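Labels run A, B and C following the written order; every chain starts at residue 1.
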Amino acid sequence: MDFPRGDLMFRPVMTKTGKPVEFQFEDEIITAIDGDNVAAALLKAGKIQFRTAKKHDTRGPYCMMGVCFECLVEIDGRPNQQACQAMIRDGMQIRRQQAPDLDGDFEG
Amino acid sequence: MATVNDAAVCVRRSTAASKRPVVIIGAGIQGCATAFFLSQRGQPVIVLDKDHVGRHASGVNAGGVRRLGRDINEIPLSLVAMDWWHQIDQLLDIEDGFHQQFYVKVALDDAGANLAGNRIQQLEKAGFKHEKWVEPEQLHRRIPHLTKSIIGGVLVEGDGWALPWRITRAFYEQAVKLGAEFRTPVSVQSLDYVGDHWQVTTNVGKLETDNVVNCAGAWGSQIAKMVGDDMPVEAHAPMLVITDRQPLFLDAVIGVMGGTLSLKQLDNGSMVIGGGMRGVADPDQNKTQLTPVGLSKFVMTAGRVFSHLRDVSILRAWAGIEGYTADNLPFIGRGSQPGIIHGFGFSAHGFQLGPGVGEVLSDLVMARQPRVDISPFAPHRFSKLS
Amino acid sequence: MTDQHFQVAIIGAGPAGMAAACTTTKAGLHTIVIDDQKDSGGQVYRNLKANHSLSPTYLGDSYYAGTKLSNDFAACGANYLTDCTVWQITNSHEIALVSCGKAELITADYIIIATGAIERAMPVKGWTLPGVMSVGGAQTLLKQAALGADEAVFVGSGPLLYLTVWQYINAGLSVRAVLDTTGRSQWLSALPFAPLAFLQPDMLAMGQKWLREIRQKVDVITNVEGVEIAGRSRVEGLSYTTSSRERIDLPAKYVFLHQGVIPNINLSMATGLEHRWDQKAHYWTPVTDATGKSSDEQIYIAGDGNGVGGAKAAAITGRLSASAIVARYGKPRLMAQLYYKLRHLHFLSIRPFLDRLYLPEVRFRIPQNDETIICRCEAVTKADISAALGSGATGPNQLKAFSRAGMGRCQGRTCGLMVQEMIADHTGQSMAAIGYYRLRPPVKPITLAALASLEGTWPQ
């Protein structure tokens, strides 16, 4: 498909200064800026698939204000964390959340 | 309890006016089950409810189908009901209506264990052997996630759970298929004995009938008062919570000896946690209020049994309005006037009894002798004392 | 927290809550403000303090208009709890909170619920795919994290959509297209109210400016219908029908949807307060008097949660409710109240026009396609709801039991009005007669350990 600007993802529109923090998403180490929320940090890294609602039904952040519960991820072993409400911290371990007993269907 | 005389009167009347449908007030589990059994026996029925089918406690209780822990006087009725539960799928044309597992009330401490010991002794004396003591090792083997501090429990094999709303609805649907008529929302304003039958005045008109069955739950006292029966119930709102879906880990229903808890896991992974902690009921307004401290009490008890559930979220909490009697036994039997039959006041443990109660109440309507002794549930047991 | 009792508890630190707190603290009332976000400002002034130091101009003047209020609030001396969710208000005015995983109960003489608005759902085919966000969500990312996505397609209607597109292009982001779904019938019904809207000339002028600048850089396609989003496990493109009945396919990685905002009534409804159906604005609002006093004498509703009026109107209603409460402590402020009332009426003068213009037509309020998901949490489709209606569900609560719609974590916030409208469609009853989901605490999900913490420590 034709995308005028190559591999599009959310990008910063101004230079934000802040302490860099490293976190893990699935098997990947990602750098973010202290003060970002988890959803923003993931989106900036091009990750938009956060969970499955059921098989072949992938979801990502939608409302970004804590209302829709679409951005749920597992943070440091705790399930059902709203990524748009949680702040990123150094060393955080984040995993996608799979609907129980169902196969996931993620593509990156 | 039905006397021979009552039965004779009733037979005469129902023969004389068999065209007039029986009027059942209340479309909860008891009203729907009674409508079902009466319809099955060819008796025309009209069910009235001021709200809709299964709106209150019948639709939103914890769904425990248990013989475990019942008052000795209630056990025969509970056993009769259990016969029906074992064939509930054929009876109501549904699948997996009854999740037969086992039900265990665990002992968290010595006091709990003593309660359990006394209970089993008492039952054995009365000739009942369905409740058994289980040692902690055996419990942990069957329920690996149980907290290590559990010191045993009382268990009944074959008890389990059902989805209350689904079962109540299935009784309703089958009754309708067999010809029963449901009119909702219709509220009864007065009951008057005119000549040789009852006139039921509702907000949408009048009905004539020979038999009125009062299955009005928390509102049963008000209906009883209309026919001159003083049968007090207090309205309370037992609270429940439901959690988000978890990996399946539990195929039993868990209670606590001497505590308030009932905990089960549904097929979809959600857990239903309740156990009788009461919220505030406002039966006149159809409203309930949950009490935060009450909720936290039984949730804490859940934690004492399954500490691994700490991060599980509660998605919803609710409470259904239920009528409680002074001795927590229901009212089942004839009223003081002819043609009146009562079946309410189940005090938050009537769901499992439902099919049995339906059978018994339809027996009473049709002047048959019920299979079980219903004298402990006599409608006038409190007024006699006073 | 050491204090457990307050004269005034304000829930929400958006414009209404901040303004209310300024008023009650100035009158010397012992006040607490509880908010579930990390910073004050609500959605409209989100992250204002941090942005202020960097002053990105792309957010526009309407955003920085909140600076004074935000500063006043910071200095007002109210107790302020951030990151804190209110999950129940009882009849005895206990407020049940959870903060950092611990539950707590506080009490207050008076409560102001200022929980703002949420976006109306725009259920088109494929709207659950990753890469589809609400326009509000996209704007939040811009305000909070200075993030934007190039070549996004904005679809829908309403002032927030145009403001966000304007902010996007000002931030140097390319916008693929704006697909405006505002129909001709909406213009026709709004037009008679245009004269009233001229009482707010600066707002109209601002709207005009946004539109003008957007049209210079972005394709704005009007009278769009039949929007469908395609993709397997993320957005790959979308298609739509133009006013000349042409079907257009557009590749896209990000699609932002918007159909206006509605009051966030979950807390006020779960508290058991009376609500009414506003047929013109097409949403539920609490029943209140002119000062925001609800059906519970001790509880006031301020801001967009009591009918959408925008940030400036919200701040005024916050002051109105707060000064009514101050008056009940025997400190009447009649002139101030009159002034707030007039200001409020002034701000509302543009609403009849906006409400009619931007109330989406029914084809954008309920899905047109059977496979489209209505309840996102439980993945319940339009076909599932139709089936439940066919098997006899007559109201939203029964339908919940039949279909599971509204039983998920968001507790019906997204699907509530859609389900209600499908019932209206099926039964021919009015929206008011059908009613809404019976909402109960917890207003947001709470963990077992957090709830149990009212009793003690969770067992190890």
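In this text, a contact is a pair of C-beta atoms (placed from the backbone, for glycine too) under 8 Å apart; a residue touches a chain by one contact, two chains touch by 3 or more.
Here the structure is a predicted model, which means the values were calculated and not measured.
Here C is the chain whose Cα centre lies closest to the centre of all protein Cα atoms.
Interface comparison, B-C versus A-C: the higher number of contacting C-beta pairs is recorded for A-C. Each chain gets a centre from the mean of its Cα atoms; for subunit A and subunit B, those two points are 47 Å apart.
Between the Cα centres of subunit B and subunit C there is a gap of 42 Å. Put simply, the C-alpha centre of subunit A and that of subunit C have 23 angstrom between them. Annotation for subunit B: residues touching 2 or more other chains are 244, 311, 313. Among the residues of subunit A, those in touch with two or more other chains are 80. Contact of a single residue of subunit C with at least two other chains is seen at positions 408-409, 445.
Residues of subunit B touching subunit C in their complex: 52, 59, 147, 165, 243-244, 280, 287, 289-293, 295-297, 299-300, 302-304, 307, 309-318. Residue ranges of subunit C in contact with subunit A, taken from their complex: 36-38, 43, 50, 54, 56, 58, 118-119, 128-134, 136-138, 140-142, 144-151, 171-174, 232-234, 236-237, 251, 253-254, 264, 376-379, 408-410, 413-414, 444-445. Residues 88, 90-91, 94, 96, 103, 105, 272, 394-395, 398, 401, 407-409, 411, 440-442, 445-449, 451-456, 458-460 of subunit C are the ones touching subunit B in the complex. Of all residues in subunit A, only 1-5, 8-14, 16, 35-37, 40, 43-44, 48-50, 53-54, 56-70, 72, 80, 84-85, 87, 105-107 touch subunit C in the complex they form.
Chain contact summary for the complex, subunit B toward subunit A: residues 244-248, 269, 311, 313.
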